[in-house]
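You will see two complexes here that share chain A, one where it goes with chain B and one where it goes with chain C.
Showing the complex of A and B:
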């Protein structure tokens, strides 16, 4: 169903706005979000179904309808601004209680559309809110090339010709690269396991691209659901791993709202 | 509203080798775009709204944005701005490509007629 060819086009014609859904929380008060602006400049408000609250704002369909989104999502400056605004709203909710962030650009035609979604997803959302209550998400990115033991290729080849020495050297370089990448996989798994041990839940995201990192390969891009109370000890653990492994650079981000831990289809 | 916001993402905190982590430790900055995007695009609850745009159809997002590791400004500072010049990434580029195809076909048609 599209905004241009809905089943009830006559009812669509009366409005050129939609309702953008940021997050779902529980037992929120309108005052919690007083003055908070949404992605399109209008104020954020609540749409409630029982105890569940959809955090929404009105948006223009010229920008957030199907056509508009298709166009705007190709515009990095627009995406940057909207993603940050979306995240800012979710964070405002997050500081006030458990919240399930909704993914970017979830737009309904009106408040009734949002209510219908809240009804439909009531149970899994409540379950998710329970799981993330009292927790935040911490991101840990690990860069570096773990050092692997290296054999000297020139040794053990006495009297070999220059050609053979060259081939041996190439072979050694190649196996060295392979060893380094195996070491990276192992080290990443170790670090992840150690961090996961201090978390309520954990996820590994695909490493981000090295071209923009400008600091060597990212070997781990982890997300950890951490009890607020244990955040300090989690960060201490990251610091300790960093000190123990001078060949790695660890970077902590967060605390984030629990984006990586609210999947409705996760069992 | 001046309430404290303990959970505001205050930007990456570098721990690890002091000398090796100069990029973000010197100046506090808001969370970088890649970190935000990988969360708001890929994570979070996925509920189909009335407006359906398959994010996977968006070329820029699928091909390029997911690669971003630093903010747009940072990337430009580093001289990385492929998305501006990559013709496959802008709708104008697609229009040009279509126009190009169209013109080729017309030339072919004209040439075959003149044979």
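Showing the complex of A and C:
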């Protein structure tokens, strides 16, 4: 995807660096990010349009150009390092004030490219910054197999043949599995609703692969935008749900910058 | 980024290190999605997410321990 910053089309040919955008904040000072290193080792700086600040650093296009990204995004060690560096920069902004994190690997040709985007998205970004002010994101992952009512597979007409008994057993097992999966959907929705009730906003990410967690099926991968001041009561609620539902394991992550709550709509 | 929720029988403490998979949930496909000059197109981001996810799942949770 190319949409150069217009006025200097030749600049692409003569430069081998790009500008990586981490986050957008408001009224930041260069001192807020003094000494913070970005994904490529160079220092993080601000690109401003009015009150809005793009938090950026210069990156080598050999790694962050289209071809480089395509190659590097296949390399988990690279992705791990870049994702953590990106997150560290966003956290630095987050401790200082409301911030709208930008998606991983958003790279412009130069500062003008960043300014053009800040200009274009000024209003929705300002709206989003207002929405997330004073809040953090908490993650709650729920694992487990909620207990469903168990059918008795031995139940069957006395004297029925072995084949019929087998079929009945298979049928019972299948309906148990279905009941368990329906129960999981229902319980996940209940837990999510309860947590959402204590949040400013909420969102469900797709459950993570069970191979990653190693503790059974994930039935809920929720993100909750919580007022900083209500974080304790949110965590108490998670604890209470965990105590009330011994068939579930709840894991809390965060506080995160409000990654899951800054989608822009262009209206 | 570990929470201050105390471990009880059923609330397991989150691991000390932020899991890459939790980061990727947040860094890909969420956040402010602007198209940069050089970036994967919006639908491309979903594809990258899916591919990375599969890659991560295939090497399993051991990836982080190996590396650190």
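The criterion applied here is as follows: the second predicted complex is superposed on the first by the 254 of 267 C-alpha atoms of A that agree within 3 Å, B and C clash if a C-alpha of one lies under 4 Å from a C-alpha of the other, contacts with A are read in each partner's own complex, and residues count from 1 in each chain.
The rule we apply is simple: contacts are C-beta pairs under 8 Å (C-beta built on N, C-alpha and C of every residue); 3 or more make two chains touch, one makes a residue touch a chain.
If you're wondering where the values come from, they're calculated on a predicted model, not measured in any experiment.
When both complexes are overlaid on chain A, the residue A:71 reaches chain B alone and has no touch with chain C. Contact with chain B, but none with chain C, is seen for A:35 once the two complexes are overlaid on the shared chain. Contacts of A:218 after superposition on the shared chain: chain B is touched, whereas chain C is not.
Of the two partner chains placed by superposition, A:62 touches none, neither chain B nor chain C. Judged by the touch definition given at the top, the superposed model places A:119 against neither chain B nor chain C. Of the two partner chains placed by superposition, only chain C is touched by A:138; chain B is not.
Contacts of A:100 after superposition: both chain B and chain C are touched.
Across the two superposed structures, the residue set of chain A contacted by chain B and also by chain C is 1-3, 18, 21, 24, 61, 64-66, 69-70, 73-74, 76-77, 79-80, 83-84, 86-87, 100-109, 113, 117, 121, 125, 128, 139, 205, 208-209, 211-215, 221, 235, 238-239, 242-243, 246, 248-256, 259-260, 262-264.
By the touch rule above, chain A contacts chain B in their complex via residues 1-3, 6, 18, 21, 24, 34-35, 61, 64-66, 69-71, 73-77, 79-80, 83-84, 86-87, 90-91, 94-95, 100-109, 113, 117, 121, 125, 128, 136, 139, 205-206, 208-215, 218, 221, 235, 238-239, 242-243, 246, 248-257, 259-260, 262-264.
Across the complex, chain A is touched by residues 1-6, 8-14, 18-41, 45, 48, 51-53, 55-61, 63-64, 67 of chain C.
Chain B contributes residues 1, 3, 5-9, 11-17, 20-21, 23-24, 30-31, 33-53, 55, 57-61, 65-72, 74-75, 78, 80, 83, 89-91 to its touches with chain A in the complex. Against chain C, in their complex, chain A makes its touches with residues 1-5, 18, 21, 23-24, 61, 64-66, 69-70, 73-74, 76-77, 79-80, 83-84, 86-87, 100-109, 113, 117, 121, 125, 128, 137-139, 205, 208-209, 211-215, 221, 223, 235, 238-239, 242-243, 245-246, 248-256, 259-260, 262-264.
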